[in-house]
Each structure stands twice: as C-alpha cells, then as structure tokens.
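Each of the next two complexes has chain A plus one more chain, namely chain B in the first and chain C in the second.
Presenting the complex of A and B:
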C-alpha cells in the first residue's frame, strides 16, 4: 500500500522485471550446466545459436510472466490461475525456442536460425511495449 | 420483430440451398454447384464453416476494441459490450472447430490431427477460456473489467505470432487453394451467391445476438447495483 504512494508504477514494473530476469537467468544457466554435465548424449553443435536462444528466451519469458503475474496478483484466487493464463501467451515463445534449440543441437549454421531469432526479438519487443503501456492500469486497481 | 423473422427465413433459405443443391461435373442449371477437385460433396461445408470462423474473428476483434475503449474511458457499458462479444465469439469459434473437424474426419480421416489451423484455433479457445476463468476469479466490477481487458489485449498482440509461426513449423493441409488462388476468389457464381448470403446472414445473426446479450447484461448490472 505504501508503494502506491512513494513509487511511480513504471518503476515498480521495471523493478519486478529486473528481479524476474535475474532469477530466470540464474535458473537457466544452472539448468544448462546440469544438462551438459549429467545428461549423456547431449552435445551442443552450435554454441552461438544456443547461447543467443537462451538469452532471448530468458528475456521473453521474464517479460511475459511479469505482466501476467501482475494481473494475477490482483485476482482473488491466485494459485491455479497462473498456468491457465500464461500457457496460451507463452506458447509462441516456447515453440520458437524449442525449434531454435533443436537447430543448435543439430549443429546448424547461424544463418538457419535467423528466422527464429527474429520471431523471438519481435515477441520480446511486443510484450515489453504492451506491458509498459498497460501496467499502470493494472497497478491502479 | 419483422427483422427477426426476415433473418430466420434468410438463414433457412441459405441452409436449404447449401445442403440440397446438387453437385454436378458440368453445371448447366442455375442451381447446379460445380465439382471441386479433392473436395467433392464435402465442399458444402464452406457455407457453414467459413462464416463461423469469420464471425468468431469479427466478434473477438469487436471485443478487443471495446476492451481498449473501456481502459481509456472506464465506462462499464464498454465492458458489457466487450464481454458479450467475447462470449459470442467463443460460441462461434467452437462451432467453427466442430464443423472443421467433422470435415476433417471425412477428408483427412480423423477428427483431430494437429494441423496448423487446428492448433491455432485450439490456442484461441484456450485464450478465451482463460479470459473467462480470469473474469470469474475477480470480484468487483471495475477491477474485473480492467484486468480482463488488459489480458485480452496481451493475448491479442501475441495471437498474430501463431499465424506466422505455425505455417513455418508444419506444412498445413487446410484447403485454401480450392477457392482462393493468387489472392483472388475463384468460385462458381451460384456458389458465391450462397456463400455471400450465408456470410451476411450469420454476421447479421451475430449482431442481433450481441444486441440481445448487451441488453440482458445491462439489466443484470442494474439489478446487481441496486441489490448492493
């Protein structure tokens, strides 16, 4: 409640976004290290595609889940709502990331994955821009 | 009243014509429908499936526009229009899915086989299912209206990705080429007339249903406000 008085809505939004980014980034790096160490037969063919995919995937996932979590924070029943709301929003991101990871494991050249990266970048820009515009009306409720 | 009656007769004629006009190899009479290679008798579904999909798109678009209007004006009447249109859109989207998968059973051999079109309409149904789940989880009219409008806008901006991503991932089998070639509609005149009559008839049906639903919701809101 005091946050409503002392901070501007966009400050709160970017703070939340930054927190989610750091959390998801750390988790993703940890998971990748575990995968490379312990899953037998998992080798990455093209590390450039792989790392760009992880970077863009983390950014997209963090910004989409921040705004959905903001909506859900205002709802009365919070527990089961998150997967229901986020799944259709995240699906285009997930499908593209899966495809790009597949390309990187198969050892494709960077040029093959440019289409996937374009989709990921446009998804990131669209979601962040729309969150920037809409966060204030969620925050006021 | 007369309008309702006219609409009923109009749609009955469209349905009778769509189902009963014979499909022949060489259309000679005015009522003969042409033979479409690969579709044969199954081509009749175009009179019902395409209008359903079109009305669903229209209804979701109108719902989105009223959602944006609500966020800028904060007038609950816009929210009533938005949610009524979304509900109707969901009904028409389900009808489009059902007619589409009936057709798929006889053309592709199974009701559901994750064709890109089927996947994208499945996600559309998920989005609006989530939209109504969100609405039922929020108390307070203004809060519910704002949050569901925000969710509809976020879902609306991510939806185009499906139109561009899905065809890139999988080759579709959805027969657009049968009627649309090089951006032009190539259809026999009789078929085109029935198709356009069906399209306009179902669009009019949607607007009539929307009007009725909006009036009902307004009464319910008034009753609800008086009760508090």
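Presenting the complex of A and C:
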C-alpha cells in the first residue's frame, strides 16, 4: 500500500526484479564455488556453455519468481501457494537449464547447446513481456 | 488550475455492491467529506481516488493547468493518510521519511525534513525506531509521509483517529492550510471533521454529486 503511493507500478516491478537478480546471481555464484571446491568429480568441460547457462537461468528464474511473488503477495497462505503456483511455470526453465548444464559438464561444443539457449531466451522474453504488461493490474487488485 | 473529478464511480467485491454512481467535481480550495456507516465503502472510495484500487465502473480524472494527469502519476500529486498505511517499523521516523523522499526523487534539505517532523511533533523521537512509536505517533508520522511532497490533493481516512488533543489541533490546522492550497477529501464519521468540509457525500444514500452543506 505504501509503495503504491510513492512510485509507479513498473518502477516497483523493476526494483524487485533487480533485487531478485542480484540475490539469485550471488546465490548461484556461491553455489558454483561450493560445487567446484567440495563435490568430488565435478568438473566443467565447457565453461562458456556453463556461464551462459548460469546467466540465462538466473535471469529466467528471477523474472518468473518476481511475477509469481507479486501474484501471491495478497494471499494469506503465501508459503504453500508459492511452490504450487511456481512449479509448473518454472518446470520448462529448470529442465532446459539441467540439460544445458549436463552438456557443459560433458564438454560439448557450444553449437550443441544453442537449442537450449534459444529456449531460455524465449522463456525470458515471454515472462518479462507478460510481467511488464500485467504487473500494473496485479499490483492494483 | 486544479480539477479532480469522479465520474459515476462504482465498486463491487465479487457480487456484493459496495457503492454505485458516485460523482463529484472538485477544484482548488474545495473540501469534501465522505461519510457513511462502517462497511459503506469510505476507505475503498479513498483507495480508488488515490489509484490504489480500480473502480468496477466509472473514471477518475485529475487535471492540472488544463493537462490531464495519467492515473499512474496520481501519486505525485496526492497525499494519503489512512489506518491501513504501513510505514517501515524497522527504520526510524527520520529514515522512513528520508527513504520516501529519495524514492520520490525529492531533493529537500534536512531542514525541510526537520521542520516537517517538528510540525507533527516527532522531532524529539526522530531517531527512534517506528516499532517503538505509539499508535498516535505512527499516525503523526503518516501525516509527515503524506505532506512530504506538498501534494495539491490530500486524502484523509479517519484523520483524527488515535490522536490526542494537541495532535487533533495540528490535523485541523493542516486541513485548513490544505483547503487554501488545494483540495481536501476526508473520509470520516466524526462530526467535527465533517464540519471542516464544505461539501459532503453520504455513501449510505448512494448520493450522486457532492451536496453542498
């Protein structure tokens, strides 16, 4: 309610998206470092595929999480609703990211992962565009 | 030239009609009291006027110097004080106002902020966390929040709730100053608050048009 009175809805959306991006980016980098240091036998065969996957996965996850969080913000049972609502929306993203990560670990060439990246970019564009168009309505109701 | 118009505003929640056909037009120096029993939709109407909530039917229009203000930009021209407004308990009173000023892009000096806090009698407690404030002090801080950008339109929901005699006197002074500088809209059932306004709408009567008292 207070935020309604100090900024435009899209300013709030992009502010929250930016926060989620920074948070998820930091968490992903931290997780990768832990994996490389402590998981025996975990080696990345193609760092370019791995880096692009991390980047696109973080962008997609942050974008989807932001709009899902906005949808459930006014619900009483946020904790229960979030996984139920987010699982089907995040599933295509997670499956594609897992495939791309597998390719990077196996040391595949960049061309092999282009299909996965196209899916991730499309997902990111669709989710961000829908969020941009719908956020004001979600925010007000 | 400031004009604030509500045209046949109606609101329903699911199938329950809250109010319908609310219309009025206010100009600078006008003041309007919105009255009605509990649940008649006074707060809902104020939220609609502040563009926090969408009406089921009807339109709100704000014109400044002949130019129509987009609803998404209403927040730059109005201030709202209401019981459901939540300020940040984790910050001090000063920090709250400082953050809101920065988000709004206001370059006011510390002196301006200090004057505002002195006006609502919170200067001595400016560095205390809001969670330690009493309900009356939180209400005073909400006035500072609403007035920080000197809005031409001021919306007040239950303006004197939780306030002591000194606080009520300050609020009445703010209301008088607002009536000279812009538009004042008050949702209340308090007879003293209603007396401060020149026009009134009773939501129980589903009145159409601000009736001159």
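A few comments on the model shown:
Here is the rule we go by: the second predicted complex is superposed on the first by the 141 of 141 C-alpha atoms of A that agree within 3 Å, B and C clash if a C-alpha of one lies under 4 Å from a C-alpha of the other, contacts with A are read in each partner's own complex, and residues count from 1 in each chain.
We adopt the following convention: contacts are C-beta pairs under 8 Å (C-beta built on N, C-alpha and C of every residue); 3 or more make two chains touch, one makes a residue touch a chain.
Fair warning: this is a prediction, and the values are worked out from it, not measured in the lab.
When the shared chain is aligned, chain B comes close enough to touch A:76, but chain C does not.
In the superposition on chain A, A:89 makes contact with chain B only, not with chain C.
When the two structures are aligned on the shared chain, A:6 is found in touch with chain C, with no touch to chain B.
Comparing chain B with chain C, the partner in contact with more residues of chain A is B. When the shared chain is aligned, chain B and chain C each come close enough to touch A:141.
Once the two complexes are laid over each other on the shared chain, residue contacts for A:68 go to chain B alone; chain C is not touched. Where the contact sets of chain A with chain B and with chain C meet, they give residues 137, 140-141. Interface residues of chain B, counted against chain A in their complex, comprise 71, 123, 126-127, 129-130, 133-134, 137-139, 142-143, 146-147, 150-151, 153-155, 157-158, 161-162, 164-165, 168-169.
Residue ranges on chain A touching chain B, taken from their complex, read 67-68, 71, 74-77, 81, 84-85, 87-89, 91-92, 95-96, 99, 115, 119, 122-123, 126-127, 130-131, 134, 137-138, 140-141. Per the touch definition, chain C reaches chain A in the complex via residues 50-54, 72-73, 75, 79-80, 84-87, 100, 103-104, 145.
Put simply, chain A touches chain C in their complex at residues 1-2, 4-9, 136-137, 140-141.
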